[in-house]
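Read from first to last, the chains carry the letters A, B, C and D; within each, the first residue is number 1.
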Amino acid sequence: MASVAVIGAGGFAGALCAAIAERHPRLELDVVTARTDAGRLLSDLYPRYRVERKLETYDADRVAEACDAAFVAYPHGAAAPTVEELRTRGLRVVDLSADFRVPQELYERWYGPHPAPGLLGGAVYGLTEMNREAIRGADLVAAPGCYPTAALLALLPLKELAADAYVDAKSGVSGAGREATETTHFVSVAENLKPYKVEGHRHQAELDAYFGPATFVPHLLPIDQGLMASCYVRPNRDIDADEVRALYEDAYRDDPFVEVVDAPPGVRDVRDTNLCRIHATSVNGTVMAFAAIDNLWKGAAGQAVQDLNLMLGYDETDGLL
Amino acid sequence: MASVAVIGAGGFAGALCAAIAERHPRLELDVVTARTDAGRLLSDLYPRYRVERKLETYDADRVAEACDAAFVAYPHGAAAPTVEELRTRGLRVVDLSADFRVPQELYERWYGPHPAPGLLGGAVYGLTEMNREAIRGADLVAAPGCYPTAALLALLPLKELAADAYVDAKSGVSGAGREATETTHFVSVAENLKPYKVEGHRHQAELDAYFGPATFVPHLLPIDQGLMASCYVRPNRDIDADEVRALYEDAYRDDPFVEVVDAPPGVRDVRDTNLCRIHATSVNGTVMAFAAIDNLWKGAAGQAVQDLNLMLGYDETDGLL
Amino acid sequence: MASVAVIGAGGFAGALCAAIAERHPRLELDVVTARTDAGRLLSDLYPRYRVERKLETYDADRVAEACDAAFVAYPHGAAAPTVEELRTRGLRVVDLSADFRVPQELYERWYGPHPAPGLLGGAVYGLTEMNREAIRGADLVAAPGCYPTAALLALLPLKELAADAYVDAKSGVSGAGREATETTHFVSVAENLKPYKVEGHRHQAELDAYFGPATFVPHLLPIDQGLMASCYVRPNRDIDADEVRALYEDAYRDDPFVEVVDAPPGVRDVRDTNLCRIHATSVNGTVMAFAAIDNLWKGAAGQAVQDLNLMLGYDETDGLL
Amino acid sequence: MASVAVIGAGGFAGALCAAIAERHPRLELDVVTARTDAGRLLSDLYPRYRVERKLETYDADRVAEACDAAFVAYPHGAAAPTVEELRTRGLRVVDLSADFRVPQELYERWYGPHPAPGLLGGAVYGLTEMNREAIRGADLVAAPGCYPTAALLALLPLKELAADAYVDAKSGVSGAGREATETTHFVSVAENLKPYKVEGHRHQAELDAYFGPATFVPHLLPIDQGLMASCYVRPNRDIDADEVRALYEDAYRDDPFVEVVDAPPGVRDVRDTNLCRIHATSVNGTVMAFAAIDNLWKGAAGQAVQDLNLMLGYDETDGLL
């Protein structure tokens, strides 16, 4: 058993970390913190998660005293100093922000000056299927962004094959976070579908770092949870559908949360699960891969728990099935 | 032809007033104003309405110079002083706020001190089907609230018959306005249905004023536009389904926007129309009436135009079919 | 441990029975059957439930050999003969159809001739909060309908107090079952809300049997899962909000799946849970109670498992938290 | 004035043709036919269109006697013989099926043997922005498919520039037609997004015929109306965002229904309009164009009316603004 904290449990991803930890057979959820919602019960904010714990104001010493590990679910920039405080006090940390996902140069191109560059070297990118061994030994893991999780799982098996890659990604609104804005207003989203940040979305950095050049365009979907990465790749050699399929089955043979399937998945297939469902094929010379995840599970909180399971030497699937 | 202004055209109801006026055969839309969005094109805010007019900062003299009549689509409290300025300058006004809908005493019980009590006496409640003649002669008409529009159309034929009345009303999110709040966040609304303000909603005042005592509870629906009032009445004498049906057909025989139908309507039946569809019957001693409207049309902007048509001596349906 | 079958696992409720049983600490799911989908994997029909079992053609002997208990999730009329076969072979049965929910006379008024009247006497109505002790000793339990589950939980504490009762109920589309019809077509439901069967819905029978006369009108909601019963009661004596609240807290003090709350619940609060959230109050002489459930969980499969837990002497919450 | 018929007015596209014709200043709607719904009022099937006409059984002579022109909204294969009957009788026809959209060889590759090859030579492809002059002189026009309408409007300005083209298209459910199937069941669609027919969708034929090779993948969106084509093109020479933008502005300068805009459109921007909104740019060497339409308007019925307007010598926008 390990004792854990969730820092920033008022947001969508943090709240789900808490919900998963609360039911996890080998984690004990001891501290949940929030900024604006401190003092409220987490179960008042998210009734269906049924976590009847009071949100506290964050205090590094209190967290360090009570816990062995922490999930930090703060916005980028705000996360790094908190991660630093907790690492200094010896806690294992899974950070859900962008602060430790990519090398400093890439980070600064997309996000501005890095708030804690000294920690970057020791951080491991937490895409389990890519970095499982490194995660096992890590004290600080950066859980990937939701878009890169789906896009990388769809694209990595093609890394050596891709002459060009196009990622048309679609995400439910929970990916935009809990803040009420014109963008997240029900009337803006309902009966709509819209591309956004076509000139460049920050999650591009993770694709650049771990796959290579790719055209990436996100779209906002009129649903709550769910994310699809539809990937189109011009291959640098002929490859037929059977070979594509075999490539994916080999790549993910031992990954408990990736399902390679015979037909295109829907995001509904994986709702409220930590699964990534992928269909890959080749049609008229274009290689296609479609990866569906739940953006809050495999795209955020579920993957963060998967990471911590590995860091603590637990079974990767504990608490996630 | 009359020249009109829409004051507060940035909000949902005001914008639709402008859209209807723009295509109206006998109105000329000359001024649209907004507070936070002044300087922007209305067509940038609401592309599908295709009204390519620049939103101006409100100026009473400018409006009075350019226009014969105005729709005021401000929140209650803010509306009354503006209405007063425009009335003083001689414009006919349809006010979409609550400021002139009910007598002063009722107003002050629900909304606080009235900002312009001197105008209340001359204001006519703009439920066309109830007040057609009075509206024809009026210079100031208060367009009814969305909930009372549906509830009153469903209940008024039963006024003499009702021992008790219960109104379970359901509205789409556009009824909550354009402000981004936790309540209007897509993730709060999607896959949800929720009663609210069960202890008392301000629209109760209009039911009290024009129907009498009734239990009224609103619910928020996960749709954009549309409102249903499901009304249950314990009658003070026996009345069968045929008699109920005849009562409604008589009541609405000459009303171009009320359809009395043989089966329960859906709110989708009237989407983007100024219609109110009503089904009324009697089952095991309970009289039931279900009224469906589009909350932005018959529940706000459409009805406001219907009012102005009458005030200007036009056909009631001009611009609305 | 008990070994269980789900008969009719291709439908929404049956599939969820299977999913809950598959993860239940004291049940072993051994047989899943389906009519039109026999031969397919349940996980192909419902990927997110992740139950990788092949649907078999129903065979009473095969089920009896493999299992101690069965969930029967057939339509009314078709269920009773199957239940009879399994009871004859000694299995404990939870039936999810209407066939054993109400006394014969009431059944025949709403559903037609009863297919197995001999079993009716021994069947227990499975609303746990009402019938817990009787369920513990039963061999055949009839899981309540989704509407009556919410309506009865909202109304039963008022049984002695109600002079009149009105139930305005709203259900998500999964309540209409898996059959593709004009009613369940996405385009019929989206951006809609519609009352239906206002002249009489079969679930009225359960209200009549266990509460008494009530006006009950169902509405179809544009959501997948979730059901709200908004109940309005004219009391036969004065009762204030505090007393109403106390009545509900007393009634449900020991019920693990009923939450009495201070504000109106949303159906989203209980999505994918076996909870019923109730808010009850009194406003201007009308008593109101709002009960939210997930129609597939507490309204069907979750409650069926809750029933079987009791029948088998397990903790009522096993597999349901 | 011209007198028109809608053959197949029970389906989504046919019904909208009737609704537009009914309000059109220069068309008189004289006959609406349907197969399974003959005898019903169109306003019972589609209340919000408010077309109170009785659906008749199709009779070529009756149509020819009453009408100058007809919209045929039958499925492919069934449309051609009907078109032939009406053309033989001298009516101008806009066919909404696939039967006359592409040359015979392409047709037969995707759809099977052509039912009326003799008419193919005289048919004009009704993408107004591409074929305006030919449409003006035509007696038989084939209204384009919904996907090709958006994709071609997005891609045609790049025809000479494209080395490779990828079209990731997303459509609302009304595009799947009125038939109730597992695919169109609300529970299948809600909270979902799914690619389909990735191995080849019949609308590919129109892209092949009028643009050239392109990878095209459709997705089903959880909305009623609306379609987005997100197009990614690898250009055969360097081209920057300004030049791309200029290309589109030139291409569509005189097209009343195409709006070239500065930011990505949402499908909601064009809901219930005949507009196509396009944003085109170049990012890191990839040219992108996003085209949003309402699949039932510009993607079907609206465009069909636009075609007929031209065929009859009317203003292209009559009845469509």
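As a convention for this text, contacts are C-beta pairs under 8 Å (C-beta built on N, C-alpha and C of every residue); 3 or more make two chains touch, one makes a residue touch a chain.
Not measured: the values here are computed from a predicted model.
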| Among the other chains, which touch chain A and chain C together? | B, D
| query | Can you name the chain that lies farthest from chain C, using the mean of each chain's Cα atoms as its centre? | reply | D
| query | How far is the middle of chain A from the middle of chain D, if each middle is the mean of its Cα atoms, in Å? | reply | 39
| message | Using mean CA coordinates as chain centres, what's the gap between chain A and chain B in Å? | response | 45
| Distance between chain centroids, defined by C-alpha means - chain B, chain D (Å) | 36
| remark: Where chain A touches two or more other chains at once, the residues are 188, 190-191, 222-224, 265, 268, 271
| query | Which part of chain C faces chain D closely enough to touch in the complex? | reply | 12, 173-174, 178, 180-182, 184-191, 222-224
| In their shared complex, at which residues does chain B touch chain D? | 23, 47-48, 50, 190-191, 265, 268-273, 275, 277, 321
| Touch list for chain D against partner chain A, complex | 164, 166, 168, 170, 172, 188, 190-196, 198-200, 213, 215, 217, 219, 221-226, 228, 230, 232, 234, 264-268, 271, 279, 281, 283-284, 286, 288, 290
